[in-house]
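In the two complexes below, chain A is the common chain; its partner is chain B in one and chain C in the other.
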Partner chain A sequence: MLTTQQEKLMGELKAIVEKHGTDRSALIPILQDVQKCYHTISDFAMQVIADMLGIHPVEVNSVVTFYAFLNEKYHGKFVIRLCRTISCEMAGKAAVARQLENDLGIKFGETTDDGRFTLEWANCIGMCDQGPAMLVNDQVFTRVTPEKVHDILQMCEQSFGPHTLQKAEEHVL
Partner chain B sequence: MSTMNDTMLATIEADAGLKAALQQSRIDVIGIIRDSGMKGRGGAGFPTGVKWNLAAGVHSDKKYVVCNADEGEPGTFKDRVIMSDWPDLVFEGMTIAAYAIGADEGIVYLRGEYTYLVKQLEECLQKRRDNGLLGHSIQGKEGFNFDIHIHMGSGAYVCGEETALIESLEGQRGEPRNRPPFPVNTGFKGRPTIVNNVETFAWASAILSKGADWFKSFGTDKSTGLKLFSVSGDVARPGVYEFPMGITISELLNQVGGEGAKAVQIGGASGHCVPASQFGRTIAYEDIATGGSIIVFGPERDMLDVVENFLEFFQDESCGQCTPCRIGNTKLLDGVRMLKRGECSMKYLRELVKLGQTMQIAAKCGLGQSSPNAFLSIVENFQNEIMGRIPASA
Partner chain C sequence: MTSKKNNPCADGTCRVPTSQRPQTISTDANNGDIGALVTVVIDDQEVKVPMGTTILEAARSIGVKIPTLCYHEDLCIAGVCRICLVEVEGQRTLQASCAYPITQPITVKTHTAKVRQARRHILDLMLSEHYGECYACFRNNNCELQSLAKEYGVDYFRFGHPEKSRHKIDRSSYSVVRDMDKCIQCRRCVRTCIDLQEVGVLEALGRGDKTEIATYLDKPLGDVVCINCGQCINRCPTGALRANDPTDEVWAAIDDPTKHVVMQTAPSPRAGICEEFGMEAGTPMTWEMNTALRRCGFDKVFDTNFTADLTIIEEGTELIIRLYKTLVEGDTSMPLPQFTSCSPGWVKYIEHFYPERLGHVSSAKSPQQMFGAMIKTWYAQINNIDPADIVSVALMPCSAKKFECNRPEMCDSGYKDIDYGLTTRELAQMIREAGIHLPDMPKSDFDDPFGTATGSGVIFGATGGVMEAALRTVIELITGKKVEDFYEHADIIPVRGFEGCRYVELQIPEEVGPVPDLIKHLVPNWDWVKGATLKVGVAHGTANAKKVMEDIKAGGKFSECHFIEFMACPGGCLGGGGQPIPTTPEIRAARARAIYAEDAAYGKAGKPRKSHENPAVLRVYEEFLKEGPCGHLSHKLLHTSYTPRGKFIG
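Showing the complex of A and B:
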């Protein structure tokens, strides 16, 4: 990373920490914001946050690795999480999973080369009466069928305008 | 019935319970909750009045009221519906609890999967502040100050366990603590804290509004009141239902269009799998307790697929802190896969049963203690179906 880039990032990270404060109980809200903005929590970010909270970076790392929604590995701008728990399984999640893999050209746990999509499994997302269900970032889709997968992905693609990144940060799809 | 408008909960007048509470002493408010006999609606079934009384009795400069909105148990979604349809009732219940125990700060621990609810919940909180239902001297009650904020979870089922939830609030990994000490004494930041389920707070508002006797007029002696159930699986009308405690499984199945089921999973992945021969049993603390998850399996379902799915869930969600749970769930899952391939001897199956029973005793928290339940009940009730399989490919 260029020094100027690093300085810019440092400034942004500091602003996030300052928003939440430096109490230990602010750590997870801070990490959630970093994840939302950068789609990953880098070593550098962990170091900056640790320094500001006065804890060891390994402490930050141990928290990041514990939670499914905090990630060291880069995640796409659209994270698709298909529910794999029993009611969605009985409602036909396997066919939806297959079609997601086909249409995105990746397997579960992978991110597309263009950095747009990450495909993951989720445990029960509380839509058991309307399965198969999945989350795309924070938005929930229910009664998904293999045919609908294409429409949902296209909707994501279309929102890739100049404002997409900003939109993703605001947690609107 | 799955339209929530037909429920009793929908008829509760907004903030009547809070207004009634503020006209009484703290002790009397706790007394009413205790008289109602309500047990926690999150699954563990601890009497709510007793919990509040314990926290009220501790002297401290700071106490917390925490609403457990982590709703991660497979098959459970009634808390989502309560928060979408009646958020006021939940915040009202938290405010009543705060008054009763002497707390000035409330936290809703909302699962990350429900981020789409935040905007609506924040708006509701703001409206309550504007209307003097949160903030300083609530409803003109001098010295009663209380506010609520929302804290997001980050995708970990175990954080629904109350001590793991507190660890998570404190910025740590969500690893359950040893109990005692209990949160009512040593909770968030070491202060007395009550953790209650979303539905528990909603019913607390209803009880203060309508009285303990009204609540007790539903249910059984040991399991009073009404309860919300999340119904999914092989039924004609899945959704959220309100039933009195003590309903039999067959009555429930009739209401939701699940007649002809082969088995019902009560209490989610950590609950029990009840075969059709036992559908006369009741859903109550004295028989089969539950946080409200009902998953129905039709005649064609393979019970090994079901238990494999549950054990994959537990293997994934175990915090890994203690051996019986970390290793035990993996062993049970391997065993189920052996059964599916038709490669498991009776001797090994009996060892797996012993392992499951050991986990029930030796695991540190409720996750590991209950994760073998489904496996054990399926081995007990469906032995004919699971032994001597010929694999599909053979």
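Showing the complex of A and C:
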């Protein structure tokens, strides 16, 4: 039988909501799961989730826009967040940022055309003693140098492909 | 401490989760009795208050004024604006008095140097983002931010003042205009929309200094599920939200000698307009307003109560048809309970949130639209006026009426039935502009042929009023006896009041009368209702409407009702989104008293108080709608259909 994209998404969202329950407090875990699976929280998903939880879509929208790790815009499979606060700045964040931009060919706040990488700024991630620090999805990298950037990106690319897809989504690297 | 009683947070009916409610006292720090009295010293005055009272409430009870912005008596406590900061002895930081429940004896200072400076800074910060000039704002002289700036002696902008507009004014809605340049993010509109009305259009999007009050995905207001109730307008402390104002067009029509401009006035604005002229809430201005309107240049002034009576006849007949079809013939095409359709906010609410239940909504138009259709047909006909030259204006307490008169289906007369909907505030503005001080006006009556109204029409303005009016008529039609035989002065008290949802049962006596001529063709006799129990419900505010709808869905007691009155606004029309600002439970109660007093005055003057006794209505059925209520012509002109809209925002 044919199912539309929306029906398919609806079924998957239903499974996610069932996992966490329909209490209002389940909203953030649900949104985190949706973000992880789809790399975006779409307009449709927000309305479906709101409906299932018995709240208003604009409340879901409010939560999504509040948290930096929840996004309405599509984010790549690998979201690289470089710390921009003062300790990392003094430890040489600028060179790392330049290297990231050069290697990926995008600016901060953008996603590569192939949808693999997104580059973003993060405020302090608590690694001030080991700066410059950055996050690739859930994984922390410290004392990053421009040379290391190359290795990290290569590791990402190697873990990405048809045969490693499942693994990549679950464990990142 | 009346506010506490009415606040949805306090009585536990609010939908906000416990974690987000203000702290309520469940355990006592001193192991005393919960609800015990505790002594507080506020500015050297001692006062005993029950535990859990906030500092703000305690201060107000002894006449100490603490400024507020985000606090509103109808709403949950947010504590976001911080203007109500006070110093609590022993606490390092200043405390927001609206969100500080008293649990132990404390000493509070409300105007120390530290407090004054903090408040001034908060104001300065608000003004540094508040774009606009006061004299070009409709809230000039009635703005809470403006009066605070005056109170705190703001004479320069410490943190600057925006010189450029940062937001486009959202005029996409027929009813509500949003000017976010004036927003101070107190979130009263958010709490109104989400908690009080449960419509859920407005929320704070973003974080920190990028926070904006916006709709879903920041879409234009006309594209989201807004029901146009305008409750947010009544609670906005500044001019960020206002109704779509057609006064310029109305003036233009008045100034055009070829146009015949007619005005109809609803009962609620008459009870509310006095507040715009500095008088105490609840001073009725019906007859003074008639004179003022004529002096403004309106050619005719009619009473919407006339069509309120017509609505009762049409809607009551529809109810009898529904009951007969369902209970006697077993035909389920017109399901029970029947819902009222007078409130355009409620109609849009059900179109969005319960489209599957639209079959329950009476097809009768609201009084405003019925009047529009009557003016451009019958009135034009008997007075030999080309309907194209008639400009029909409606004075309503309501912002949703502006949307309603622009519905595409509301053109049954062949023209736009109602050209402009004015709110109470806008009319007060027009009257002021004409140099008229309303309270000084001599009294005058409404114009014929719609001049005669009844007390039943007047009480449409209060919650439970439509139900009371309908019951008066239905009881008399069925029993053939006077309502006064059953209820003293025909006041059906059980349906009155301000509780959110009311459920009332009425016993129909074993003795019934003959079927009146008016509806003889619809039902053969009354044998089928002998001794039956008529179950009715009343709900006001869409949050309560939602409760009733969910109860019906779950098969609760409201699902057994025969007739339910729904009003979108708290308190009914008298608390509508077009009424004077501010609104509080006390003000609404005063307006209700004015409305019921006008109804009682009809009785004292010996005028009819029941819709089916209205001579003008009977004349219409004799001369114009000859097939009687719910006949062919009345279906064409006085009934409408609804659009299932759904809540999905495309």
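Everything that follows uses one rule, which is that the second predicted complex is superposed on the first by the 163 of 173 C-alpha atoms of A that agree within 3 Å, B and C clash if a C-alpha of one lies under 4 Å from a C-alpha of the other, contacts with A are read in each partner's own complex, and residues count from 1 in each chain.
Everything that follows uses one rule, which is that a residue touches a chain if its C-beta (ideal position, glycine included) is under 8 Å from a C-beta of that chain, and two chains touch if they have at least 3 such contacts.
Just so it is clear, the structure is predicted and the values come from calculations on it, not from any experiment.
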Which of chain B and chain C A:S62 touches, first, second, both or neither: both
Which superposed partner A:Q47 touches (first chain B, second chain C, both, neither): second
Partner chain in contact with A:N123 - chain B first, chain C second, else both or neither: first
First, second, both or neither for A:R98, with chain B first and chain C second: neither
Which superposed partner A:R24 touches (first chain B, second chain C, both, neither): both
Partner chain(s) touched by A:R143 [first = chain B, second = chain C, both, neither]: neither
Touched chain A residues, chain B compared with chain C: B
Contacts of A:L70 with chain B and chain C, given as first, second, both or neither: first
Residues of chain A that lie at the interface with chain B and also at the interface with chain C: 24-25, 62, 66-67
Of chain A, residues touching chain B in the complex: 23-29, 31-32, 62-63, 66-70, 84-87, 89-90, 122-131, 135, 138-140, 171
Chain B to chain A touching residues, read off their complex: 71-77, 79-80, 111-116, 151-152, 154-157, 168-174, 189, 230-234, 238-240, 265, 269, 295, 301, 305-306, 309-310, 312-313, 316-317, 319
Chain C - residues contacting chain A, complex: 17, 19, 194, 199-207, 215-217, 224, 647-649
Chain C-facing residues of chain A, complex: 24-25, 43, 46-47, 51, 55-59, 61-62, 65-67, 72
